[in-house]
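So, here come the structures, one by one.
Look at the two complexes coming up: subunit A is in both, with subunit B in one and subunit C in the other.
Right after this comes the complex of A and B.
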């Protein structure tokens, strides 16, 4: 079989981004995915770091932190590249590395992120007099009164109102945000008609679940011009339309850029010759197949996606290349007493250690393979959920690995 | 002042059994519990309805009580018992002489123990170790759902006028001239303190009986003995599988619906509130468990949990595994406080018998001659086929039966009516355990629902495969909307507390696929929901 330039293993945010950046640089790319990736689970925002000014905070991170290996310049370039891909799919993102944007969550808190879909940017809420929280009849997982009650704590001087509109969803199985978004795809007017009954003005904001289509091309302006009020989407329980929009935007871009995507391709092991990775072995129901490349990017994720597994205590593994995995030893370091804690969770810091080129290293810091790069949730040394860096590390490590 | 003839302290199986028994005999009884019902050993256990085989060698009196109560429970609590049967298996490393003594002990205690060939055993339990299992017997063990049993006991008690207050802690006793006049209590949420007048109080606080005794100035020999258990996400066994050896740790597997519970350890602890579990305890249970089932570690562990057996220690008596599983009734008139009783020790399987004996003494004092009928009358009426058929329009039939027995006749009817009239209420709040919004709403309105965990214990939301990932948000929202108690409104605290409750049992078993579920929980509630509400620092 022909040797390609780059093989990317993994169909999550990091894998897509790595494949996109490499393809953009005229590399021949093969993307191997298994399962649906973690994007449908994601809120759609790209969180960089839990800090008022992430760019300044990143400089102060410890040396072993993935961001220190990636470097600010690459983070910045990754953000630009990412926004460009999203914009091409009519999925505009707003934000920058030096500030945080508030987003309304499905429980009525605000979450903060550097990079958010324009439809979720709630910065303007502060300037509004009245806030409508609007649910959809028959839509599960969206509870307007809970959201309004909790949001009041952030905005005690605003008037809150809850309402329900009917998109005729009832009658079959349980309806999720994805179902509602599917119905509203290319169908802005239906929603606009329903929302007119609120009699909202330009002093008002309307908060709805993330149902503005499953593609990036939903035109919010159709609604805002007719209603005059601003309309914002919240986050939601998975499957999450904003995550799916992003997934589709990437797939469209990758297909256009000539990336060969092989779905349902479970990579079972690497092919190593002369201390160099020359390919990977993919297993499907009936046979094994070898894919060869000059460079391999490992974006198989952490515990959630199976990029790291652990059958027995104190023995986490990277199942494809058997790369040594860093982890905090002992029960007391493995997890915190509180699930939602004021410090990182040890188990979430588990992952692979690398050099500045994101090549995996062994326990002694010796580089294992110079043409294998590790990106995204595979990287160890920080709790990406606690520090709200999962999205940022995914896109920026992918950017760096693809441009080396 | 509020008044009852008898105040029962402790909402475990024993206390609820006494409430039911007294109510059925026409005695005005009120039960107070400092937490939610069955929060102690009555739910933190195997869920094993003993045949008595476990005690056939060491304690034949207990064994005989077990087999009799086992038969009664199957009759009166039909929908709480899964008559899966039990198997005792001796491994190559176990003492053969014990097997002989056990066979004789079962015969002497009236427990039918049928020897089967190894081939038969492997056919019935395909995962048994071919290498280690050397002999096998069938016994009439069964699985019992402690939660469901409790709710049915309450429904039965209420039908006869029994009352109860949860989250109501006893803080003292009121007596005059050595005669009890009332019980002082505190509401755990509001802090309000008040007295409930009574002629008789029963200390049925299980592991906490010693603390309650102290409030009355009496010494009670109870030793909390912690047992840790593991719940697996699969049905690994079809029968209750016991090791045929001298009772020890980690030697019983009990199937419950789609899961299996393995346990338990035995460790004396100073405080029954200590329900902590550790990785070491889990490891040691797995090590013993995999002697019987070699591929045990390939199954996903859902969670681990622990409870404290309230072992009765008579002055100078043995502790731990050597302590008797029998029970004792103390009339504290001997200690100078007329009107106070303590009932302590025993086990879930025999709770009804314990309650009967306790109530016989109480009724003698009250000159009440009504006989005990708890062994004859079923706990609840059966839900009619007509109501089940109506429900089947919205549920799979498996879910219908579960909901019907969980809710009982009256609430089930209300839930079905709601499902019929409001299509939105048909959505599943908990997909893992098939719980509809209509059912959650109904339980949220209950006067014993103060936090989402109370709703969980009654509906089983969050107890299945995903351990609350999806239902935490939904349940907290529905509870905020429908709950009658003021605690319901604080949805974020309720949601966090609910997930933290799940976390407690997940933490010591955080490996394998459980790690995936936990990362998903954090992805949803920390990343997507910012559940702690914090701002960027």
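Right after this comes the complex of A and C.
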């Protein structure tokens, strides 16, 4: 087995991004994944930080925050690279680091995010007179009346109209957004005809669940060219077509760039010599296989993805390299029982601490491996869900790790 | 490896995250299938009466995309197969299910008749023309795989090999034994070139994969017990069992234990290797014969689902690219759709062709010299969908040793 330039462990947003950036820099890359990663389960939007102007707010974060180690320049470059990859797959994203874009959620609230698929960008909603919220007969987990009622709180002066259209999806299983999106791919005209029948004008907006295909913007283009009103997709419960579109955009780019993607490959430990990682060990049903590399990027995620585990309380572990994991000590600091309060969750701060090169460090700040870089949800020191930084940390740490 | 890899113990790890649904090729093709999560992991554990049957279970093709998509190590497809076996405890098998499950029995019968292979091949082509297969519930659009005039096991004693102290036993698999013995011959040639003598064990049965997917689980268990006992005998002698068929290697290495959970099954599995996995291990040890004749050719590689599931990388690509001038390009077009005998069923034919459409489109671009794939039914499906006949990667390597 030949030694490759870079091994990336993990097939979520951070892993895909790291593999793409490294491949773009003419590195030979092997991506090892176990499970299909977080993208099919995510909304498709990339949150960078919950602040009106994230770029300014990032400068005020504490020194141990991952963003301070990554640096604004890398965050900027990562956003540019990310948008470029998506655009190559005809999946245009809009947004920038200095502002937030509204997105309509599946329950009719507005959520703000820095990077948003063009199909979900609801900025223009404010300029519309009438808003149609369109449900699909038989589609699970999408309630147009509830969405309209909730949106009225944001836009009390607008006229709302709720419609239900029949795309003849019934007669099989309960239909999810993913099902509808797959059925509509290359078969968009039925939906276009139904939406045309609403007689919406260019003063109107149409809000639909995210069912405009699973490949980039292709299905959406077929429909928007036939409508005068603007059409917006909401977020949805998983499996999520906007996340799947993003996953497919990445996979297409990685395959085109010659990245070797090996599925079902559970990395159980590293092969290390002094302060260098020379390879990783994949365990299959009966034996182990060593994959060798000059550089390794760890993108296995946090608690939710098994990138960090905890068998005994106060003893979180990173299971592959046994890197020390930072966590808030003391049970009283571990969780905040008010789930929807305005305070973070202690346990969510759990993760690995690094130097500015994202090399893992022990409790004394000593660097453990020079050619191992830690990215995404593996990084500790902030509650990424509370501060809405998970996506931004994923793409920007991956960008930095792949370019060092 | 602990007992936690037995499928029935993995269901509790399901978080209902829907990753399997987002990646299921059958769900993408038809809306009748309720999907991997709801069939094996959910309904399989939640139904409390015999009448409570999930009919859409029969849509699962056992391609194992769900297992690979699962972040929590749930053996989703095997849970589906166990559930299918439960169904057939109270429901009769249809005639075509019986036929498709018992290819080995049929082949053995034919081998006992003089000119049996010739006559059955003629019979199969007449049968196809007259619509007999379709009437039986088989996909009338397909050719049934033709029998070779002599099976590999019968022809084997006539193959000249130098005896060597290093030996492997070839697990031929039914398709290579009865339909494509030249693939087996290529394997023997490659192993000989690497200093190994190849043995054949006539006591092996079909691995059982066709039985498992059609719900003949008790018979599959008999095959497993027999094969496992023999593999353990070879293990005691220090002789590895190697197979050029990726569905056989997956069954022997992983699925026996997932299905039945006996410790010996895992012990036996440790002595089983996929052909190119074995060659790559030789290469790791510096024992691989790299005296390969250069050959300028571009190969399009369709990686079988059942190889992806084995987590061994792509050893065939790595080994073949040792040949000067060979460039291997992966097809990256997903599951071919046939999934063993699934695509041979009349009611699954269209699904199987719909799933394979992306691969057919890729192959039809014809920007390569040959298509390669390690799996026999994948090769049949590509041939059927494109009129381009693929070969096994071991055939390319055997050529390079000439």
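Note that the second predicted complex is superposed on the first by the 399 of 404 C-alpha atoms of A that agree within 3 Å, B and C clash if a C-alpha of one lies under 4 Å from a C-alpha of the other, contacts with A are read in each partner's own complex, and residues count from 1 in each chain.
By our rule, contacts are C-beta pairs under 8 Å (C-beta built on N, C-alpha and C of every residue); 3 or more make two chains touch, one makes a residue touch a chain.
Quick caveat: nothing in here was measured; it's all calculated off a predicted structure.
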item	value
Partner chain(s) touched by A:193 [first = subunit B, second = subunit C, both, neither]	neither
Subunit B versus subunit C as contact partner of A:137, first or second or both or neither	first
Touched partner set for A:203, first subunit B, second subunit C, both or neither	neither
Touching partner for A:264 - first (subunit B), second (subunit C), both, neither	second
First (subunit B), second (subunit C), both or neither touched by A:285	second
Partner chain in contact with A:176 - subunit B first, subunit C second, else both or neither	second
Residue contacts on subunit A - larger count, subunit B or subunit C	B
Subunit B versus subunit C as contact partner of A:2, first or second or both or neither	second
Touching partner for A:112 - first (subunit B), second (subunit C), both, neither	first
Partner chain in contact with A:34 - subunit B first, subunit C second, else both or neither	second
Subunit B and subunit C footprints on subunit A, overlapping residues	41, 171, 174-175, 238, 306
Complex contacts: residues of subunit A adjacent to subunit C	1-2, 34-37, 40-41, 169, 171-176, 178-179, 182-183, 238-239, 244, 255, 260, 262-266, 282-287, 289, 291, 305-306
Subunit A-touching residues of subunit C, taken from the complex the two chains share	1, 5, 17-19, 21-23, 27-28, 30-35, 38, 56, 67-73, 253-254, 257, 266, 269-270, 272, 280, 283-284, 308-314, 318, 330, 332
Complex contact set, residues of subunit A against subunit B	38, 41-43, 47, 50-52, 100, 105-112, 137-138, 140-141, 143, 145-146, 149-150, 153, 170-171, 174-175, 235-238, 240, 302-304, 306, 309-313, 331, 334-335, 337-340, 345, 347-348, 385-386, 388, 390
Residue ranges of subunit B in contact with subunit A within the complex	278-280, 283, 297, 423-424, 427-428, 470, 473-474, 476-478, 480-481, 489, 491-492, 495-496, 499-500, 502-503, 507-508, 510-512, 515-516, 518-533, 535-537
